[in-house]
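Here subunit A shows up in two complexes: once beside subunit B, once beside subunit C.
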Partner chain A sequence: MMTHAANSPDATKPTGRRFAALSSRQFLLVLINVAIFLVLTILRPDAFPSWTNLKAVLSLMSYDLLIAIAMTIVLIVRGIDLSVGSVLALASVTMALLLRADASVPVALLAGLGVALLCGLTNGLLVGVVGILPFLVTLGMMSVARGIATVLTTGQYISFPNAPAWFTLFGRYELQIPNGSGFYGVPVTLIIGLTLVVVTSLLFSRWTALRSFFFVGESTEAARLSGIKVTRLTVAAYLLAALFVWFTAVLLTSANKIGYANYGIGAEMRALAAAVVGGASLAGGAGNIFGTFLGVLMLALIGNGFVMLNGNPNWQQASVGIVLLVAVGVDALRTYRDRR
Partner chain B sequence: MKVLPRQLFQNVIVVQYVGLVVVTLLTLFGFQATFGNVLTGANLEVLAMNMVFEGIMALGMTFVIITGGIDISVASVFAFAEILVAKLMVQAGLDMVTAIVITLVATAAIGALNGLLIVLFRVHPMIITMGTLLTLRGINLAITDGHSVSGFSDVFLFLGQGKILGVNVPIVFFGIAAIILGILLGHHRFFRQLYFIGGGERAARLSGVDVNRVKIIIYTLSATLAGCAGVMAAAKYGAAHWAHGNLAELKAIAAVAIGGANINGGSGTIGGTVLGVIFLAVVHNAFVTSAVNTFWYDVVSGMMLLIAVLLSRFISLRNARALLVLKQGKMDQLSETYKS
Partner chain C sequence: MQSSRRGFVALAASSALASVVSTTARAADPKEHYGMVVFLKGSEFFNWAYAGFQDAAATVGATTELQGPADWDASAEARAVDQLVAKGVKGIAVTAGDADTLIASINAGLKAKVPVLCFDSDSPKSNRLLFVGTNNYNAGVAAGTAVAKLLGDKARIGISRIPGLDSINHRVAGFTDALKKLAPGAQIITEVNDEGDLQKAEPVNTAMLQAHPEINVIFCGHGNPATGALAATRNVGRDKEGPTKVYVVAWAIDVPILQGVEKGDYGMTVAQNPYMMGVQSFLELWSASHPTQFDSMTNPGFGHVPTADLDTGVKMLVKGDPAIKALMTPPKL
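Presenting the complex of A and B:
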């Protein structure tokens, strides 16, 4: 816990509390996640804890997780990226169209990466160099990228039957882990998602270049005066976000065996909610990859809970909003208490 | 010399407005010359009715954006008003006036809640209104189970389909609301406070503006306008559906931004917003009449948003530089006088 809490700025502040780690947001989120897990296990002991159900929750969660990491990175430099869902769709459509045209897999993947990075670069340059508000830039990009994806495909599913089998199987591959009587199939998307959480988390706490993202977000002016290359880092943040979006696009396209212009609609909202629940702030300078992971997990468990308890699954979407408002309210209470 | 900053300020607005009007007219007449069916009464009616609900929301959005906030919950408030008014009339059997009054009060309450939470929690309005957006959209979906509600009386349908002096009722509403709100924003003491708050909240608070009260009122106004639009939309479509108005918040924001308001707050006019709304309506219509793939609309409106923002950024940068030169000149002049 401590290593992860250490890269959140509020943990670096001297709080004077004996159990700073215990009152940290990540710890609270772990507790909430465990609580939801226990409640669901008690209420539906037959269905919820089964590996089939958990596997479905976790592998679906992985896509949201990668997008949420992208959002967290951008939020740290006091940005926002509303275009994540659209760029995901555009990258997916690009790769699918190339695969359908019998391009080799590496070429298609690289083209998808190129498209995603181009969108990220445009976002980054307009925000960092020209100085337009991230909200507007990425709002425009959201519209443009989704529009191009729709124009390219005229809204149709793009299948690629001639693509090599390993590519279409890869996204649904499951690692077989023996558990005595049989095997647990661990989806590869989940493994990639968790690996990226750990790697990014470590990089953010160890690598100076990434650590300075926090300084940029905290105060652009102060960061610039202390010799940090603010513009370069801002552009880098949007590029990094685009990279994660591309990861998601590859996994999603491979797992569903189609490219589709309507992938990732509303993904930016879920990602933003998860990141804010996990400790990021629109005011910049805060954000925690591990917290974001816990936020995504919590939203996924609550969503699954609605299905498990035979409630109306339509309430699932409302739950994201309510969780977001409650998290923000708890935060306000905590800062109010701290201020006193 | 003293007048110059004022001139510069007006310069930005004039260049932007004239540019917007010219581009709008060029699009309109260009497509008229090519296709010859744009400037017909029937088409102009379609053109206006396509964007009128977003336009009504954009009016409220202008106020919110001037105070430096944002209200992305309007789209879900819009759909909620549709569903509520439909359910009250069709399923609860209330008469039209009672149903409309209850609906408008409910939407006003949602707006007041937005404002209250923003003031209370002190987080970015985008987070709070996103929480309301997701919650309400989930509620809309859950209480209708994804079906539409229909079966209105002819009197109610008049609100959306009827005409006053040959003009559709929603357009009349939009026009009257724009004129009243425009005059109020330009001249009323209360609404001038919005500019102070947007220019600098702390300064406004210190100089005696009741920032919290103003904010709550503004968010209430924004939600109520969205509610009015929702009631009329239910009448126009003859049915209420939870997916109506999806992404309308982004169109409203785009209209305000294209109309020259600064998303950071402190500037913006109703006139500019109306021009922005007309512009978006004309561009959308151009795609429809020219039978070019309407999928291109997203691409172009996103580009237009970016270009409008780039333009205003460019002009304000130039003005800032001119102001700097002016200040420098005065300093030089002063030092000259001291030397002699």
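Presenting the complex of A and C:
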């Protein structure tokens, strides 16, 4: 019960439960991340702890982080979104095609946002209004979005060499922070990712509308009887998730200078693993943005460590699956214990 | 640019056509009609292939059509093959979006006495007459030879790949064998799994370069990791010319990659020859649909085609190669 409470709105009340939040799963995740960090530092002191490597780990995990936040949001309302990777690809392709056709950056960004929100709205309406299982709805959207992106591009990279330089440089921009003799380059993707973690965490803890997501996820019927607009909040959750997917598409398209229909393949698995590891539950009503951040960080460190320690490439994808299985198993045990 | 494209096309076409057309004085029945079936219809790669198919057909007065889905739907390809057979075309060249899905349609076509072959992507369990495309082992040898020429025994290579795929295994085997022969001091340091994902390629290649700073070449075993591998060299500050530069060997002819080769960002790229695939596919179909006095030994009732797969080869493209400009102007169909 303690773990569940730590991820529900009550956990953020300024009472003794705040301590409970700190001592729960997130605290454990902090310890695990620190342990992985220390082990890798000991085993590869020459390579792992360098700023270049850490910067790469942190900045490149930002894409997965934003997608995982999207997944966390829909998990909270007892949904799931398997289409996050495909919608990312479709939004990216939309923006790239428009930029290649010499559309202005704002027009391209708005079109990409529109496409992402349309996908989110469709998911939300089919789940919240029509009442189809989220798994089925988003599985369908996964195929539709990826299919459209592939047809639009015939599977090719879409470059946009005539787009304004600021847009193509934006995704790789680094803030220079003095460190005495030189500078640390802090990637803008990392700054955006961390800022969104903080802002979203704060909003989920202080904004009543977002706090109501937890009630919807815990018990739709109880939430409805309490006067909460369940359908509206369910649709809002999918729209909010789509917004984060769009953020990811913008950063990825800018950083790589191409739109691509195969962006985000497997992203839903990594996002699900990170969100569940971080405290979200497939049974709904639980989720923690900071926990998700720690889950993404853990997967990124494991991935980095895999290469650093010359792990067998055949086991790389399996490692994410194992983490997901363990997390889902722990989540199932937790749900079972709570229901008793 | 146009003239360089014409040059590329003419060179490829003339070398292929000379072998067959010059020995065949007769022209085809003007009504002869041939079909090509592809997935990702409209893609530059298959546009090149169809341009070769069309050009070769034009030399004997035959007509052609291109069918297939704009996505990866192999079942739609199978339907397209069925429809072409029903239409009574003289031959079909198909690239298999999924090897097994197309078996029934290919076999049905042959049973109806329509010659069917595979190009670029094979369906080896079908009865297709032959496969026309890139021999992955030989292509790997070409890449290994180019790296041996570039860095010799000093080459220290990291490979970005998807584990377990036969096509990539063959490429890596050819690459390794060429290095062993031509630069025995060169070493393959490690391999990473990019999961076939452009996004994933950057973190794994960055980590690889951090873990193994002696690496000075990243060999991309397939099309997707090139941009991520290049970004990885930038992440570790080893993308500029000089003693610490890491050369990225790409495996793609997408325009952004070709632009990168032309700018010197990529060390080189392995360029397959889809135009030649189209040319050779047509010529073999034409031959199969015109039996001579001596039937094909392997496919009675059809004309002769090679019994072995037909390798259309690759070219290692480096900065300044005129073929880059040609490839950057794909045919519009």
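Going forward, the second predicted complex is superposed on the first by the 301 of 340 C-alpha atoms of A that agree within 3 Å, B and C clash if a C-alpha of one lies under 4 Å from a C-alpha of the other, contacts with A are read in each partner's own complex, and residues count from 1 in each chain.
Simple rule for what comes next: contacts are C-beta pairs under 8 Å (C-beta built on N, C-alpha and C of every residue); 3 or more make two chains touch, one makes a residue touch a chain.
Fair warning: this is a prediction, and the values are worked out from it, not measured in the lab.
> After lining both complexes up on subunit A, report clash or fit for subunit B versus subunit C.
Taken together on subunit A, subunit C would clash with subunit B, as the superposition shows.
> Examine A:Gly131 and indicate which partner it touches, taking first as subunit B and second as subunit C; both and neither are also allowed.
first
> Does the superposition put A:Ala300 against subunit B (first), subunit C (second), both, or neither?
second
> Mind working out whether A:Ser219 is in touch with subunit B, subunit C, both or neither, as first, second, both or neither?
The answer is neither, since A:Ser219 touches no partner chain.
> Classify the contacts of A:Thr231 with the two partner chains as first (subunit B alone), second (subunit C alone), both, or neither.
neither
> Which partner does A:Ala47 reach: the first (subunit B), the second (subunit C), both, or neither?
Only subunit C; A:Ala47 stays clear of subunit B.
> Does subunit B (first) or subunit C (second) touch A:Ala273, or do both, or does neither?
The answer is first: A:Ala273 touches subunit B but not subunit C.
> Quick one: is A:Gly147 in contact with subunit B, with subunit C, with both, or with neither? Answer first, second, both or neither.
both
> For A:Tyr63, is the partner it touches subunit B (first), subunit C (second), both, or none of the two (neither)?
second
> Mind sorting out which residues of subunit A both subunit B and subunit C touch, each in its own complex?
Touching subunit B in the first complex and subunit C in the second, residues 147, 150-151, 154-155, 314, 316-317 of subunit A appear in both lists.
> Along subunit B, where are the residues that touch subunit A in the complex?
Subunit B residues touching subunit A: 70, 117, 120-124, 126-128, 130-139, 141-142, 145-146, 250, 253-254, 257, 263-264, 293, 295-303, 305-306, 309-310, 313.
> Write out the stretch or stretches of subunit A touching subunit C in their complex.
Of all residues in subunit A, those touching subunit C are 44, 47-48, 50, 52-53, 55-57, 60-61, 63, 147, 150-151, 154-157, 159, 161, 172, 252, 255-258, 260, 262-267, 300, 303-304, 307-308, 310, 313-314, 316-317.
> Would you mind writing out the residues of subunit A in touch with subunit B in their complex?
Contact set of subunit A toward subunit B: 80, 126, 130-133, 135-137, 139-148, 150-151, 154-155, 269, 272-273, 276, 281-283, 312, 314-322, 324-325, 328-329, 331-332, 335.
> Report the residues of subunit C in contact with subunit A in the complex, numbered from low to high.
Touching subunit A from subunit C are residues 40-44, 70-72, 161, 163-164, 190-193, 195-200, 202-204, 206-208, 210-211, 213, 224, 227, 231-232, 234-237, 254-257, 259.
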